[in-house]
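Naming follows writing order (A, B, C and D), and every chain is counted from residue 1.
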Amino acid sequence: MLKVRIQREDFDPQAEAQALTDGRTDVGAVVTFTGLCRDEGGMLAALELEHYPGMAEKELERIAEEASLRWPVQGIVMLHRYGKIAPGERIVMVAASAHHRSEAFCAAEFLMDFLKTSAPFWKRQHLGDGTSGGWVEAKGSDDEAAERWK
Amino acid sequence: MLKVRIQREDFDPQAEAQALTDGRTDVGAVVTFTGLCRDEGGMLAALELEHYPGMAEKELERIAEEASLRWPVQGIVMLHRYGKIAPGERIVMVAASAHHRSEAFCAAEFLMDFLKTSAPFWKRQHLGDGTSGGWVEAKGSDDEAAERWK
Amino acid sequence: MKAVYFAWVRERVGKTEEDIAPPASVATVADLLTWLGQQGEEYENAFGNSKVIRVAIDQTHVKHDTPIAGAREIAFFPPMTGG
Amino acid sequence: MKAVYFAWVRERVGKTEEDIAPPASVATVADLLTWLGQQGEEYENAFGNSKVIRVAIDQTHVKHDTPIAGAREIAFFPPMTGG
């Protein structure tokens, strides 16, 4: 089960994770990652997420398929929001289920590392004083995180 | 926030994970791991979890504290059940929250690796034919997983 | 072909998308980035430092040495910062 | 001192706990494991292969060369298999 969705609205991480195990007795491990908007010490009023409709879905699907080829995962969920997101709100979640924990952990980390570096989303900051903090710059540490899977 | 609990009853992973972010705007990443009872291809009727009351709590607390010294985590949850657990039911969960995803992922993996190798819990199998499948043997792969953090 | 722009590339060009008709001498993504940078001040501003621009042809990431022949939709954007 | 047993150690000994009074010559955990193995067939069965037995003194893991002096509660169990 590979599930990918891009939406403006919030999502329910537990309902998504629960769907990976409902009615099954062969799942041993579920790992979830949830990414939230931080207020950066009170400086940030909101993040605005822009994406490339069509390609963003395709990239998430490609990443999910790649993960399922690398590890014997039983299910994968990738959800990403777009639009304006306030501090404390969820931005993204990934989940992976498998027989064993190492496979679920690896797959979930892989999903996030490649989501960060290859899914067409861009963040812009809105500051507390009403001005734009500009576009968030890509981090070298994210490229390095993705590199380790090569 | 370090929370450790050992109980017979099931737990609610989302309520536990939610508590790590409720009312906060400084959390960027939450990683959860949930371990479930597998039916081993229909062979297994239940697992029975024995633990060393008192020491089990102390070990989980020690592991949670060690993780919080190694990574700048904001919160940790470790829950483990005991007693008879049927296939499909949850056995254990850990969760870690942090500013950044790599810290939350590392902490959650560390928690599970050490829970497996140093928390005093033992699993016995009950088979579908009514007989005991005996005590589960410790796995070398779990020792290796814990070794990599040294 | 259709050009689409995202994030600060979109802001600097001042458009979300447009039809472009580069001359036949424009063979690769790199050629196209150079040509786009010559289409006016806002384009120079967006594509002047073309090395940092990421490109997708028909919604698939491509390198700058990729030929553009047959492309229907070419997207230009900065390094991604989702998640 | 109190000895407590878990999992198959408990099953083989046939008790969950008991008070034990080893002689003064029993100084370390290893000595104690050897002595316990000599307390009857069920103990030999439980402690015969003492290398695999894990030990905790007063709820803290200890190695087999640890002295037992001052211990109030000593626990014996197989390698852990929780999680």
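Basically, contacts are C-beta pairs under 8 Å (C-beta built on N, C-alpha and C of every residue); 3 or more make two chains touch, one makes a residue touch a chain.
Keep in mind that this is a model prediction, so the values were computed, not measured.
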Between chain B and chain D, the fewest steps along chains that touch one another: 1
Gap in Å, rounded to a whole number, between the CA centres of chain B and chain A: 23
Centre-to-centre distance between chain D and chain C (centres being mean Cα positions), rounded to whole Å: 72
Chain A-chain C separation of Cα centroids, rounded to whole Å: 26
Chain B and chain C, separation of their C-alpha mean positions in angstrom: 48
For chain C, residues that touch 2 or more chains besides their own: 83
Multi-chain contact sites of chain A, meaning residues that touch two or more partners: 35, 101, 112
In contact (per the touch rule at the top): chain pairs: A-B, A-C, B-D
Chain D residues touching chain B - in the complex, by the definition given at the top: 4, 6-8, 56, 59-61, 75, 77-83
List of chain A residues in touch with chain C within their complex: 35, 49-52, 54-55, 58, 80, 91-92, 112, 115-124, 135-138
Sites on chain A touched by chain B in the complex: 12-14, 17, 21, 24-39, 41, 87-88, 99, 101-102, 104-105, 108-109, 112, 141, 145
